[in-house]
Amino acid sequence: MRFDKRKNDEIRTVRITRNYLKYPHGSVLIEFGDTKVICTAIVEEKVPQFLKGSGQGWITAEYNMLPGANAQRKQRDITKLKLDGRSAEIQRLVGRSLRSVTQLEKLGERTIWIDCDVIQADGGTRVASITGSYIALYDAISYLINAELLKENPIQYHMAAVSVGIVDNEPMVDLCYAEDSKAIADMNVVMTEQGNYIEIQATGEARPITEVEMDQLLLMSKNAIMQIIQIQKQVLELKS
Amino acid sequence: MRFDKRKNDEIRTVRITRNYLKYPHGSVLIEFGDTKVICTAIVEEKVPQFLKGSGQGWITAEYNMLPGANAQRKQRDITKLKLDGRSAEIQRLVGRSLRSVTQLEKLGERTIWIDCDVIQADGGTRVASITGSYIALYDAISYLINAELLKENPIQYHMAAVSVGIVDNEPMVDLCYAEDSKAIADMNVVMTEQGNYIEIQATGEARPITEVEMDQLLLMSKNAIMQIIQIQKQVLELKS
Amino acid sequence: MRFDKRKNDEIRTVRITRNYLKYPHGSVLIEFGDTKVICTAIVEEKVPQFLKGSGQGWITAEYNMLPGANAQRKQRDITKLKLDGRSAEIQRLVGRSLRSVTQLEKLGERTIWIDCDVIQADGGTRVASITGSYIALYDAISYLINAELLKENPIQYHMAAVSVGIVDNEPMVDLCYAEDSKAIADMNVVMTEQGNYIEIQATGEARPITEVEMDQLLLMSKNAIMQIIQIQKQVLELKS
Amino acid sequence: MRFDKRKNDEIRTVRITRNYLKYPHGSVLIEFGDTKVICTAIVEEKVPQFLKGSGQGWITAEYNMLPGANAQRKQRDITKLKLDGRSAEIQRLVGRSLRSVTQLEKLGERTIWIDCDVIQADGGTRVASITGSYIALYDAISYLINAELLKENPIQYHMAAVSVGIVDNEPMVDLCYAEDSKAIADMNVVMTEQGNYIEIQATGEARPITEVEMDQLLLMSKNAIMQIIQIQKQVLELKS
Amino acid sequence: MRFDKRKNDEIRTVRITRNYLKYPHGSVLIEFGDTKVICTAIVEEKVPQFLKGSGQGWITAEYNMLPGANAQRKQRDITKLKLDGRSAEIQRLVGRSLRSVTQLEKLGERTIWIDCDVIQADGGTRVASITGSYIALYDAISYLINAELLKENPIQYHMAAVSVGIVDNEPMVDLCYAEDSKAIADMNVVMTEQGNYIEIQATGEARPITEVEMDQLLLMSKNAIMQIIQIQKQVLELKS
Amino acid sequence: MRFDKRKNDEIRTVRITRNYLKYPHGSVLIEFGDTKVICTAIVEEKVPQFLKGSGQGWITAEYNMLPGANAQRKQRDITKLKLDGRSAEIQRLVGRSLRSVTQLEKLGERTIWIDCDVIQADGGTRVASITGSYIALYDAISYLINAELLKENPIQYHMAAVSVGIVDNEPMVDLCYAEDSKAIADMNVVMTEQGNYIEIQATGEARPITEVEMDQLLLMSKNAIMQIIQIQKQVLELKS
């Protein structure tokens, strides 16, 4: 049995608080158990240099952890004058994932800035960030549609993300920090409601992953993501 | 009458949520109306170079705004590779204020790291940061005492902070953003329960401040701070 | 009696050398005793982004200490890739003070760059910087008027600054370094010729400041500033 | 048929030049077609802070592109004072991959620095970097064994990496730049000689990847990696 | 006799490989013995701000060493967030040297970016960089002429560079690292085919250089440069 | 005749003010005409990492221009987060020059920090910096000898520096800015009292320098340096 009495294929409680802040066009507090991330989506009426005149929009993401989010205080990036390498990797993942479900050519020449600020970290901060940012993005798009700045919704697919991993030689879903820190392998999966893959990042930390394990992990992540997408749709008051 | 129907000498609702996060030794969500700041206090068992071997402790503070805290997205410091000048000024103020009510020689050779992260800004973020950090510091000190790492409480005075300003030629307390942005002058006051000054920062923005106005502002801030200290003491379950 | 035989309410000799350098539109060497600061004012015919098209001008200040200005060599900011926090705080103070006596809308869309470089530090470098920069600004404005680039003088008030503090429980004016380093409290006051406050920054370093002390310090600073403004006016060959 | 007449499951010519430079303990020029990367491995007899006293070693990687490696000149990181986000992601991948085939506890308290400098980029630079670095690492380990600084080889598995992707709705292996830039999806796979996964990074760029496609891509990458490992073993003069 | 059996006035084998890379307009691998530098020249159809509208072009150079180029691994500049001081000095020398043989007003409003990346360092990297960059520049100019973007060749003089120095009190040419590291004095000379000086940088490391020695060094460098220019002209298939 | 009526071989008035500042061990204001540089020498009782335990000392230099030193305001390095390339080159030159006249093994394990801050620039700031720093270094060494921290003077040679150049095809000494900005070639020479070369940096800006011109420039610089060394020795109250 797992650390917190969950079954291997059981996700933690996922809570999504919409309209968490008053200024951003979309803002969400997302919780995967004790992991808590503030995700905001802010519309800016211009695009990066390489898209000027293209008629196409852009979605970009930034990810950060507050100093008190972990058991050990995390030094701020600005103190070291360097963006944390892990943050760089994660924010690229968040941005790519959101862009891949959005028809950027239907967004118009504007940028949606996604900000993921982890206020408490207990494993799975990157998948919580993707799952929460999707809702913030959805709300920012709704704002654009309501304000008649957009006619058509450029989002093509519902999507969510989850972590899976091998702990004590068993595949498990939605690892908390205590599990993650002793995982043999871990994997982050981003998937559409249709069960297609947006992103897979699999890493054999302590040893390589066999094909059989890979199949188990992919299946387990799919089931979990389908559940999380239902939670998202309830929060968005959409039919499941 | 004021923007939000308050009287000139009336503060906004102040809410303090203790133990807001699970890892830091002290952590608080403080709200002055719509202004919301996460304040944490984390103990580190070492001191800066200049205090090594002195037997004395240190308190240092960092202040930051989340990108979505304002009406306009705020670029992260790391993007510009520069600590925001305003943040630099504020975090020095927070650190000085907390140090001045603490007997550092009784803290032992350890540092208490204070982190103030503004998640929503509606005026008065620096005074909310000081007021909230005081509670986080108090809880971190209590942790040290409970863990028998400290015998005596090094905190000497209860203290809180408030902003005052001159808006439409009238002195007002606890300015929200709409008031602050059109203030003729503004002032931040940090004061002990005994009514003594820890810090005053007064600025004549649009015109200099007369002596009569200065007296009014100082009196108004004193009354407000006494109210806020009572709220702090209730939260700390101390006799008022 | 004080370290250098001054009375508590006695300022050090203030010397102001105008036209100290040949290129800037205004340049001053100001001395408060052994504290020596080069203050320059340079006109640039453009404004920061947020003022473009506003018809309004801007005044901005930078403050720096030469490595040999103190008893201990000060590492250059560029070596650490960080603007010193204290410098950040001071240059914001200098800029705010000068802007608050100037009608920026009468300056035209141009920026006046103020640079304060401390070549020798013996306490009071920030107030010397403000006092000296005022003269450099005055000369740069005169240049603009003489060059017929400005019709009307946008400076509204004469002003100067001084430090006061509590040393050995006595209020004193214009602290030198030896006094400053053992001060219980210190305060910097920027004031107009009319006796109105432009800036107050008061800090209880070792203990809070009582109301009685605050009154003494404010009175003492007022008297000192009135003397310094007379010195400024003599240097500018204006009627006192 | 593909751009360069290859079949979909056909890799480009892979060339590995060992002992490419005279100073590093291991150094390789690896070519995947026109993609050329210099990979070096340098032993340093100390470990990062977090491993001091652990008896364990470390492998860390850095990745960089020369300005002239691409059709458009790439600005150096130092000019922007920021490590390129893509480079940050890749060098973390290279480091993780090499560490996961090495028993770090058998390496002793020393660090092996891997440097991948791309001198010409035509797609697949990250998989070429991993594949070439493996040989450089192997040679640095051999140096340690020959110098009797190590008794046992800490490398557990032979490994290599390849890219696969979906271009014009067809799965293809070892994409060159012209293919990569129009790929619907791309995936980088790092695998051991035993056919187990060390890393998978899959991205649906233009649309999500179906399960069927995922299976095809995984199979195709496996076959390619087995060929590349044979090339590595020939270069190392090992039995295949 | 010298370390590698050369006579005092004998240069190492100089090899120049043109068209070393496929993307840049000019690209060269230059070798002075074991010193190996990749030099590229890339045309950009714009000029720095200070030349806009001048009708004049610009040539600028960057110099860098790969981490594995030396016996001891060289930390990347981006890790320290600072351009290495020696690199800064060298790249300014390379840029000045190339500009001084080129009529920039005949280049048109375009910039030629020169990149010198040292892949192996055995003394004389700066003179190899200048000598190789000249060929890369020549080829980039030829590209512009062939593409009919330029009518006239703006290069005025053939030129090359060499190092000389005093080792064991004897003047020597083209010092390798082992000689350079014990040199009493060293000098880098850049000279035209006509025997005129473009740059001299002479440094008395261990003691000052006498006038007699200076004359010897200048003569020795002249003879060497004449030989190197012949090699350049052969590579360019020009009459010597 | 020259701009300021000097003859071609005539230097500007050189003024050296010793003990210019009260804290540094050596401090000088040096003036070459309107060029004014503050040079300080500060002793620190430790050495850089690479000299620890060697028994040898070190001399290092930093060079900077104040923003108002030139006709156009110079942005501070910290604003751009980059040490100016020209400053980097100059401070390396200053450091090398001072080290080459000093027996570092006789200095003991201590560093002498040289700081050159240009307060007004009118050509020749680097040679003024070297010439002035020599006096500051001399005074810092005298302080060490007087404090009985050194027994023997490690300075071996008196030295000074001057600029020469070709303007309107005529060789001239000690160029002011107006001359420097139109010079065909310029050269900085650092020389000992014995007439031996410490450093030569010659650059053909607009065209290469002929051998005849080189000889003229070297002779002219030698005569000038001999005069400047006499001025230094008078200031130091030494026999000439």
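Chains here go by letter, A, B, C, D, E and F, matching the order in which they are written, and residues are numbered from 1 within each.
As a working rule, contacts are C-beta pairs under 8 Å (C-beta built on N, C-alpha and C of every residue); 3 or more make two chains touch, one makes a residue touch a chain.
Values in this document were obtained by computation on a predicted structure and should not be read as measured data.
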item: Between chain C and its twin chain D, rotation from the CA superposition, multiple of 5 degrees; value: 180
item: Chain located farthest away, centre of chain F as origin (C-alpha); value: A
item: Pair in A-D, D-E or C-F that repeats B-C, with over half of contact pairs matching by residue number; value: A-D
item: Distance between the centres, which are taken as Cα means, of chain E and chain A, whole angstrom; value: 50
item: Chain centre separation in whole Å, for chain F relative to chain E (CA means); value: 27
item: Sites on chain F at which at least two other chains make contact; value: 81-83
item: Contact graph of the chains (line, ring, star, complete, other); value: ring
item: Going from chain E towards chain F, every chain in order around the ring; value: E, F, C, B, A, D
item: For the chain A and chain B complex, residues of the former touching the latter; value: 21-24, 27, 34, 38, 40, 42, 44, 62, 64, 66-71, 73, 76-79, 81-83, 113, 115, 117, 119-120
item: Residues on chain F engaged by chain E in the complex (per definition of touch); value: 81-83, 85-86, 88-89, 91-92, 96, 100-101, 157, 187, 191-192, 194-211, 214
